[in-house]
Amino acid sequence: MHIQIKDVRKVFEGRGDEKVEALSGIDLTVSENEFVAIVGPSGCGKSTLLEIVAGLTEPSGGEVLIGRDPINGPHPEVGIVFQQESTFPWRTVLENVEFGLEMHGVGKKERRERSLELIELVGLQGFEGRYPGELSGGMRQRVAIARTLVMDPGVLLMDEPFGALDEQTRLILGDELLRIWSRTEATALFITHSIEEATLLSDRVVVMSARPGTTRKVVEVDLERPRDSSVVSTPEFGRLTGEIWEVLREESMKTLKGQERGGS
Amino acid sequence: MSFGAKVRLTRWAVVLAAIAALEVMPRIGFGDSITLIPLSEILPELFEMIASGEMTEHLLATGGAFALSFLLAAVTGVPLGFLLWRYKPLKRTLDPYLTTYYAIPIFAFYPLLLAVLGFNIWPIVFIAWAWAVVAVVMNTAIGFGEVPQVLTKVGKSMNLSRWQTISRIFFPAAVPYIFTGLKLGMVYSLIGVIASEFVLSTRGLGYLVSYSYVNFTTAAMYAAMLLILALAILLNWALGGIERRLYGNV
Amino acid sequence: MSDAAGHATSPAGSGARSARLDPVRIAQVLFPFGLLALWQVLAVALGDFFVAAPLASFGALVEGVRSGWLGENGGVTLLALVYAYGLAVVFGVVIGFLLGLSRFAYAVFEPIVIALYALPKVALYPLFLFAFGLGISSQAWFAMFFGVFPILIFTMSGTQNVGEVMFKVGRSLRLSRFQLFRSVVFPSILPSMVAGLRIGFGVTFLGVVLSQMFAAKSGLGFVLIQSVELHDMPQLYGLVVLLTLFAFVINGAFMLWERRLTRHRPETG
């Protein structure tokens, strides 16, 4: 299942009089089974773009296709993991993962089986009966990932799922994610603010410009798969991250300057 | 128009609409004309009662009981809260009781106090104090407890004495909480005073409402109600203003 | 919520194993007995014109059961309480939920509702007497007017604080409106709603007792005032303690419910 993003634009009729132009003409195609990461300065419209692909936000212009279907609402083949904490604190890990299946009327036995399988895949076996409040932030995000993956989506969208964690944990969870993803064969679109994480995970890294967001540069990551976080120390990895940082630095400076001028 | 401006405008519109309803409803004969009186007829009555001095006695009685009970609540509540914070086992012991304190119908004690202390100002002051003081105690204790640890470390690193640490670091850091406690204390003691006066007493604005109700002097009753509400709203508004300024500085 | 008026939800102690030997636990259990002892001492010291002894007060209640006035008036109070609380829950939850759904409505009404909560509403009781006449209806509507605000405020802020992301999860999983409400929104609101129900109950109860102290011919509030006039101290003390214990027990039950709901949530909003 591939994603086609065609000239997608978004203007928020925002709070107050001023309009916020979040995205100005994004074009991007993610092929079947490809892993694409998006990096960009904060506030450049990354989350907006992802939510448009997920059918949660309506674009002001352009269109998104999932496979052959134009998107105008949540698509059954698309799963999304959010930047914010999104597990249900009143449900156990197992009940969280079962949630989507339960809502769609999957029988108790089948949904339990599939959920346990995913809990194992994300490495949370032994924690099925725990509540999210008893887990660490990284474990909670893995619950959220399992809750999305259990629906067996052809397209997996992730919005800085490990954004709140420290760099080491993030790289280690990146390893986990690579392992999980290689088993699911989903097409993945992944947002992060970490250049290392983007490079480690993806086949291509898209660098977005400062707001209004456009694609500034696309960097091919030709590190061989399967890979893990040990590639971080290779010269090739350093060259790639350097290349990304060069562009990202420029865009981030623009964002900073804009803020200092008072137009946050 | 910005979100905030829209909100404020709508809020004022709602308030004005409510006031207008108070004026219009009696006029179009909602309810009977003896029991409901339009606002524009209550106001002159109120001014008349104030000007003639009829209100003075009650205003002074209510004001006196309110000031006294609140001052007592502040003077006893803040030190008690401090004590509770200093002696953790005491606080932990009393916590379940303090958290259920406002669940009990405190006002049921008023008749008891009347029987014990007699028909004077003291049962009123006592009940209003009892209503207010626990809010002051709890917020003071919470306020001291919420002082960030790093501030204590700053104090230690500067070799402050124990008294200096308390007066220069803990107390100022806890002020917003203590103020919240005092604000609630003020609101509660006013409610306590008015309720006591209303139910059984010989003077005060609350008494004036019930006395006028019993004697069918409806206009005077509404005037007293209006004055009570106006004073309470004024009080809340002033306290809110001070609080915003206080928190704005933190 | 800026509600620190003693409505905090975290009582002491959680370690179940060490609980048995914890001196704080022991002190907590002993505290009511301490109060009882103090009461007895005061009764002896001040004499029964001022303080009825615990035993005499208890006797007055027993006598009340036997002669029937306690059951009768207690029944009236209970009926008014159920009537009032039912109204308060329905109005508080429904209005609170609706106002909490919209960020705009919430911003407009939150300060108004909180201001209303803080007013000395007792003085408005005659309006209820005008509207509903003497009797249980006026008491119930007045007590409802007392108790509805905490329920409304807590439900409103609970609804407003359901994270945007929770709705997004629901939508991305293509839930129906009903599913979204039942399985996502309602469980999110529940803990804060129950806190509101608990505080609202206390305030409603206060409203009922208060209303029965004024222009009533029955109910426990009425009996309280009557006891003052007759200077029947045992009856007065007995009733006050009874009302306090009743409130304490119901509140405790609500707290257990609340604790069950928030047990697994260190960061409850």
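Chains: A, B and C, in written order; residue numbering restarts at 1 for each.
Note that in this section a residue touches a chain if its C-beta (ideal position, glycine included) is under 8 Å from a C-beta of that chain, and two chains touch if they have at least 3 such contacts.
All values reported here derive from a predicted model rather than from experimental measurement.
Undergrad: Using only Cα atoms to place each chain's centre, name the chain farthest from chain C.
TA: A
Undergrad: Looking across all chain pairs, point out the one with the most C-beta pairs in contact.
TA: Ranked by C-beta contact count, first place goes to B-C.
Undergrad: By CA centroids, point me to the most central chain in this structure.
TA: Taking the mean of all protein C-alpha atoms as reference, the closest chain is C.
Undergrad: Mind checking the centre-to-centre distance between chain A and chain B? Centres are C-alpha means, answer in whole Å.
TA: Measuring from centre to centre gives 51 Å for this pair.
Undergrad: What's the distance between the Cα centroids of chain B and chain C, rounded to whole Å?
TA: 19
Undergrad: Please work out the Cα centroid separation of chain A and chain C, and write it as a whole number of Å.
TA: Distance between chain centres: 46 Å.
Undergrad: So which bits of chain B are touching at least two other chains?
TA: 3
Undergrad: Which chain A residues qualify as touching chain C in the complex?
TA: Result: residues 51, 54-56, 74, 76, 78-80, 82, 84-86, 88-90, 99-100, 103-104, 131-134, 151 of chain A touch chain C.
Undergrad: Any idea which chain C residues touch chain A in the complex?
TA: Residues of chain C touching chain A: 163-166, 168-169, 171-175, 179, 183-184, 187-188, 190, 261, 263-268.
Undergrad: Residue numbers of chain C touching chain B in their complex, please.
TA: On the chain C side, the touching residues are 2, 4-13, 23-24, 27-28, 31, 50-51, 104, 107-109, 111-112, 115, 118-120, 122-126, 129-131, 198-199, 201-202, 205-206, 209-210, 213-215, 221, 224-225, 227-228, 231, 233, 236-237, 239-240, 243-244, 247-248, 250-252, 255.
Undergrad: If we count contacts the way the header does, which residues on chain B are in touch with chain C in the complex?
TA: Those in contact with chain C are residues 3, 6-7, 10-11, 14-15, 31, 35-36, 89, 92-112, 114-116, 134-135, 138-139, 142, 177, 180-181, 184, 187-188, 190-191, 194-195, 198-200, 205-206, 209-210, 213-214, 221, 224-225, 228-229, 232-233, 236.
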